Amino acid sequence: MKIQIINGPNLNLLGTREKDIYGDINFEKYLDSLYEEFDDIEINYYQSNVEGEIINKLHEVGLNYDGIVLNAGGYTHTSVAIRDAIKAINSLVVEVHISNVFAREEFRHTSLIAPNCIGSISGFGLDSYRLAIEGLKKLKM
Amino acid sequence: MKIQIINGPNLNLLGTREKDIYGDINFEKYLDSLYEEFDDIEINYYQSNVEGEIINKLHEVGLNYDGIVLNAGGYTHTSVAIRDAIKAINSLVVEVHISNVFAREEFRHTSLIAPNCIGSISGFGLDSYRLAIEGLKKLKM
Amino acid sequence: MKIQIINGPNLNLLGTREKDIYGDINFEKYLDSLYEEFDDIEINYYQSNVEGEIINKLHEVGLNYDGIVLNAGGYTHTSVAIRDAIKAINSLVVEVHISNVFAREEFRHTSLIAPNCIGSISGFGLDSYRLAIEGLKKLKM
Amino acid sequence: MKIQIINGPNLNLLGTREKDIYGDINFEKYLDSLYEEFDDIEINYYQSNVEGEIINKLHEVGLNYDGIVLNAGGYTHTSVAIRDAIKAINSLVVEVHISNVFAREEFRHTSLIAPNCIGSISGFGLDSYRLAIEGLKKLKM
Amino acid sequence: MKIQIINGPNLNLLGTREKDIYGDINFEKYLDSLYEEFDDIEINYYQSNVEGEIINKLHEVGLNYDGIVLNAGGYTHTSVAIRDAIKAINSLVVEVHISNVFAREEFRHTSLIAPNCIGSISGFGLDSYRLAIEGLKKLKM
Amino acid sequence: MKIQIINGPNLNLLGTREKDIYGDINFEKYLDSLYEEFDDIEINYYQSNVEGEIINKLHEVGLNYDGIVLNAGGYTHTSVAIRDAIKAINSLVVEVHISNVFAREEFRHTSLIAPNCIGSISGFGLDSYRLAIEGLKKLKM
Amino acid sequence: MKIQIINGPNLNLLGTREKDIYGDINFEKYLDSLYEEFDDIEINYYQSNVEGEIINKLHEVGLNYDGIVLNAGGYTHTSVAIRDAIKAINSLVVEVHISNVFAREEFRHTSLIAPNCIGSISGFGLDSYRLAIEGLKKLKM
Amino acid sequence: MKIQIINGPNLNLLGTREKDIYGDINFEKYLDSLYEEFDDIEINYYQSNVEGEIINKLHEVGLNYDGIVLNAGGYTHTSVAIRDAIKAINSLVVEVHISNVFAREEFRHTSLIAPNCIGSISGFGLDSYRLAIEGLKKLKM
Amino acid sequence: MKIQIINGPNLNLLGTREKDIYGDINFEKYLDSLYEEFDDIEINYYQSNVEGEIINKLHEVGLNYDGIVLNAGGYTHTSVAIRDAIKAINSLVVEVHISNVFAREEFRHTSLIAPNCIGSISGFGLDSYRLAIEGLKKLKM
Amino acid sequence: MKIQIINGPNLNLLGTREKDIYGDINFEKYLDSLYEEFDDIEINYYQSNVEGEIINKLHEVGLNYDGIVLNAGGYTHTSVAIRDAIKAINSLVVEVHISNVFAREEFRHTSLIAPNCIGSISGFGLDSYRLAIEGLKKLKM
Amino acid sequence: MKIQIINGPNLNLLGTREKDIYGDINFEKYLDSLYEEFDDIEINYYQSNVEGEIINKLHEVGLNYDGIVLNAGGYTHTSVAIRDAIKAINSLVVEVHISNVFAREEFRHTSLIAPNCIGSISGFGLDSYRLAIEGLKKLKM
Amino acid sequence: MKIQIINGPNLNLLGTREKDIYGDINFEKYLDSLYEEFDDIEINYYQSNVEGEIINKLHEVGLNYDGIVLNAGGYTHTSVAIRDAIKAINSLVVEVHISNVFAREEFRHTSLIAPNCIGSISGFGLDSYRLAIEGLKKLKM
């Protein structure tokens, strides 16, 4: 089983900035714990601040990966192009958010990409990613 | 650790109706699998079609349960009163939905209760409940 | 043939209050005239001011009644939960209103339940109920 | 007792096109069944695709007919002029629709003419017309 | 000097219906008083309930008349086509309304045709027409 | 003189939770001070979290009580059914709120029930109830 | 017969600025032509840039003047207070505008004061004032 | 204890105009009854139709008065400047309205000043002022 | 192959008016060039300013023509009835506009008829018609 | 070179109130520093809480001053009249705000006056005024 | 004559995915047919999923190409930056879409880039590109 | 002191295109004048048409630069991702615009990035950049 984690804009700063919202754990360190817990799954990680590169990555893995865990960051609320990319591929995509986006600004309550995802998880901190993989695992069994 | 599952309106019909959206597993049967998987957690279940009775239950368990898994069904999109009840209690509340609400009618994209929940999970079928318990477990560790 | 009439909030006051809008005939008295006219149909009547109890009744009769005549009163414009209940059952549901709701306040022009009903009748006073039964009778022939 | 049925745009195609929505019965044939059932009522029929001609007909019959059964088709949602014409005449006007307009596109949920009609019936197929005549008959008794 | 008066839908009923809003004077009778007062102006009158015929008339007179007094009735609020017709002709067009449209329903506060008219007069009863001719007279001097 | 106080959802928690917004006085204790101050008035108290039960209570007292002090809590902003119930009864109803609802979330700025109440008082803490009784007393003198 | 003309903000600059929109005639000079034409009417003129002073003037003349010609300038679109003042007085108020406000910015298409005026005239340049007096004269005959 | 009553636009006409809405008691006369009832409080009264003068008065008394009873009339719904003035001062400000503003036009349902007031009272006729003073008295005890 | 060109309101003025927007070529003259270019296709032309007559024409040709090139002019943005007519017929309908409607007023950016057309072409001047025929030709091959 | 600074409502309280937003420097004291820095420019200062007086001042200086630095305070978001006044004069007007208005309430994000100003500066505390003068100086060179 | 075709996000997947919407022809193969048909035109092709790279390409060719055929994909509905880029260049830009965007989701009905294009073609499948080149050819003749 | 200037999409064309809006000075040339005037500040310049690269640059300099002058061009109105990037860094960011965005299209009046900037300057042509540096200099003193 192969799963791709894709992090969008500003998520490269995780663990170093705005720790009150996003926590103080560096994502690379967190990845290690995921590798350990899900040692039967091939997990790959990609981060980009460029909308189009996220689309490129979705195209690249979208035919032969079982699932994609996507935190599109700010593009969640503005990108029709990523929405279309998700629809165009085969892999199941789960939308994740570290914070509870519904408890933040009004414009963060609308996700343009959610309708094409299989499911959505938000508010569990970095643990949102683990739950997404758990969920994908079950869906693929 | 004690967790209360609360199901709102029409969820008593799970497994018997609209199987294409909600699956064909009876919720009581599904509960057994949860009891088995989480044998270290006391899990209680409550279902009501009455908005006010859901509030009553939230008040009843909201001080001494560790977490609440709430699928408020149709009240998700209309109930300020349930939203207020969640704010008034101590337990962590996770919002769950069986289907991906963002892929359905426009009015289902807005959750009045989400801002007062700790997190939100939707789209994984009945497995959304299991992931919610997983998430609560980690948050309470 | 079996038909259930369900009246929602404040309709228990019919015939005693706001007679200029709703007329001065007590609904129970009106029911007698329906029993007489449709003596080949089993007609049952239920009224409740509680949203969730209306849902309970819809669930209860929704599998083995031929039709349901539903005047959801104020819940017509606010209840996603009743809308979902109508979708989840088998019986044909006809939405009725005593007054012409489109000639009243703006918020009464939108019916949340209508999309899941088979049809809608409004403005004929209590006679709206009789026409609804007439309509159901034909649809079931 | 005299009743005028007025059908608006595209309803001349009834029975020949989009049969899944509007059924496969030709309206002229259906009229025969109405004439038979209501042999004590003079029923006249008029159809036009021109908004202004519908207004002309409303003016023509609006003083000496007991009732008008109006299916304004697409003009239902756009015509202030027909709305005004209904207000300007004496006959009771009942709005009918063959399909359940509330289960179709958003813009079909708003009727500009309904506020000036005595009542509204939709979703019963061609039978909506019969119910409208039934309703008018009772109102005029 | 030549002026065309054009009355839109339902204005053929002036003086006979809804007298509380529109007064009880027949428009043809009122015209006589205009002919008398403005005996140096050729005044022609046209009324139609058909949107397209109003456009035809605007085209017909729009090149060689000095002014047009237009009461488009209900089409005032819905007709892009009449708006475009006014823009396409040479004659100065004055929009008139018998009643004060701003004191009536919300949707009557928006005029689609006003932006292409030279001016607008409403609320003076039939006298609105006289004032419009007065205004046109001065503009053409 | 007879006055009914009705408290809606979550107000049973007054004095025990969210003390920064609602204060730390238990409502039952506060009632004692009202009984003392208004010893010439029969004051009754009712609380329910169920929308329909609030309607039931309004119907029950609405014919023979002089006034009703209603804090509908979250239902203030969502309940057409309670709005209709207030219109259907004789007693004067005063809407009260403990906090200044206009200084809170946007959706709390709209009251569906206010148009059918005689008046509205908010922001004085529990003292809002006392002022409401004061106001009713004067209105009934 | 006594008529008060009231000009609102920036109209003191008439004839000296933005001549392409408002023309190049000084309002005081224009007044002379009105005095001459309507020598049987007492016409008074008042201009202020202060919203409250316009209200003061409306109160002052509103009981014993036959009519008021009001060009409220920018306050037309923002002043509930002037709207209320017009409702509170006896004199007939006619709203005038020099330019065709409907051909300008969107926000100028809504008049807060129009609903309480007897009528409205716009687009005839300074001649709008003369037509307003003409209209008032007829209404008072 | 010192309290300032401030009345905004058109409230100088109280008791003489629109008596069906505002009653027939002159405010100065009503003040006498307040002076009598609250003889331990220094009550001052100010009225102006000018938005800026109301702000001036708020600045003048806002540091050394205990409370301000403000009926901003039409400015309630349009004045950001008064809203800011209330925020900038120390005195507690109570918003009052004579009529139930929520039962009137839509635009009167929004108060721009309410969020910065301590509380709000409407619908009790002139008695709204007395209740406001009662409320302020308790808040300052 | 048979193609019908239908031009809506005001398009009879093409080549004579508003030449800066629509060009200075008379449509009949332009038709000649189309006849010449597409000499293997039977091309018919119809123009009307009447909404209902456009519907009549759509019905008339809609069963046996291969394609329809429709420039509905102002009705493009307001006519549900034409939209419904297009849905009810068999011929492929292409929407054309001479000018780039998206570069004009906001209300011209919404086409009510486009969703039922096979495609849409705008902005190429009269050449939009030629491209539409080109497109239809390919679709029918 | 002559520059007029105009401060609108509540800005007379600068330095004494809400210091966390507006700082603790008295504006008159700040003016001294401006006089010193720009000793080659004649700088005048005016403050008023009255919308109409701000318009009066704009008219007074608007023909012979080189520039105007305008902080219209709360009127920024509500005053069409000031917007019109800026358009009617010759001086270049720069809009300034002490705080970053875009980081505050939603209604402060819209400036009615900005479209007629030459430029806009906000968020630099009192220094916004200095930058505005700097900007004007360059524009006039 | 030189024409640049620019395809935006996800259009690299043409012919391999979502064939029911976009057809099953690979774009490179389709290009060959264009080269053949328009052998007198130099046609270049560029595709990118990155918004900014599309802008770069527009800048690069925008001064010396005769025309650009742009299918901006999902960026059509969200990109002000591409809109601005089109305005800043000299080449005529034609907007194309393979599917009829007006028959899809609501948010696809708005094109941010259309106002700056010369024209727009949608719904003809890949043939939309050919028609666009046809159109550009005529415009440049 | 170190300041980074970041220019967004299309601003690489400054001085060569749309000179009526943006002036005819090449930005690189303008930079020289800034270097000269602020010879005590290290000023760096970066331009990109790619949203994500602007975010990369913000991350890169956001920890050790004193200030950033950001003209995000079209991304100003659409980019949540850049808004989030500004929040995530330490440097003070000033939003600048060459033209007065508030005097242009409606959609340019909303800035998604402004709430996270320290201040905003627009309308002074290229001089907006100089004023921004002036402002940052003072804020950092």
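Order of writing sets the labels: A, B, C, D, E, F, G, H, I, J, K and L. Residues in every chain begin at 1.
Note that a residue touches a chain if its C-beta (ideal position, glycine included) is under 8 Å from a C-beta of that chain, and two chains touch if they have at least 3 such contacts.
Not measured: the values here are computed from a predicted model.
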{"item": "Least hop count linking chain D to chain F through chains in contact", "value": "2"}
{"item": "Rotational angle, Cα trace of chain B fitted to chain G, multiple of 5°", "value": "180"}
{"item": "Contact-richer chain pair [F-H vs B-C]", "value": "F-H"}
{"item": "Same or different contact residues where chain E meets its copy chain D, judged by the half mark", "value": "different"}
{"item": "Selected from B-C, A-B or F-H, interface repeating D-E by over half of its contact pairs", "value": "B-C"}
{"item": "Centre distance in Å when chain A and chain D are each reduced to the mean of their C-alpha atoms", "value": "54"}
{"item": "Whole-Å gap between the CA centroids of chain J and chain L", "value": "23"}
{"item": "Distance from the mean Cα position of chain J to that of chain C, given in whole angstrom", "value": "62"}
{"item": "Cα-centroid distance, chain B relative to chain D, in whole angstrom", "value": "47"}
{"item": "Multi-partner residues of chain I (at least 2 other chains)", "value": "50-53, 78"}
{"item": "Touching pairs - complete list by chain label", "value": "A-B, A-K, A-L, B-C, B-F, C-D, C-F, D-E, D-I, E-G, E-I, F-H, G-H, G-J, H-J, I-K, J-L, K-L"}
{"item": "Contact footprint of chain J on chain H as seen in their complex", "value": "50-53, 55-56, 59, 78-85, 87-89"}
{"item": "Chain I-touching residues of chain K, taken from the complex the two chains share", "value": "94, 100, 102-103, 109-111, 114-124, 127-128, 130-131, 134-135, 138-139"}
{"item": "Contact footprint of chain B on chain F as seen in their complex", "value": "8-10, 12-13, 17-18, 48-53, 73-78, 107-108"}
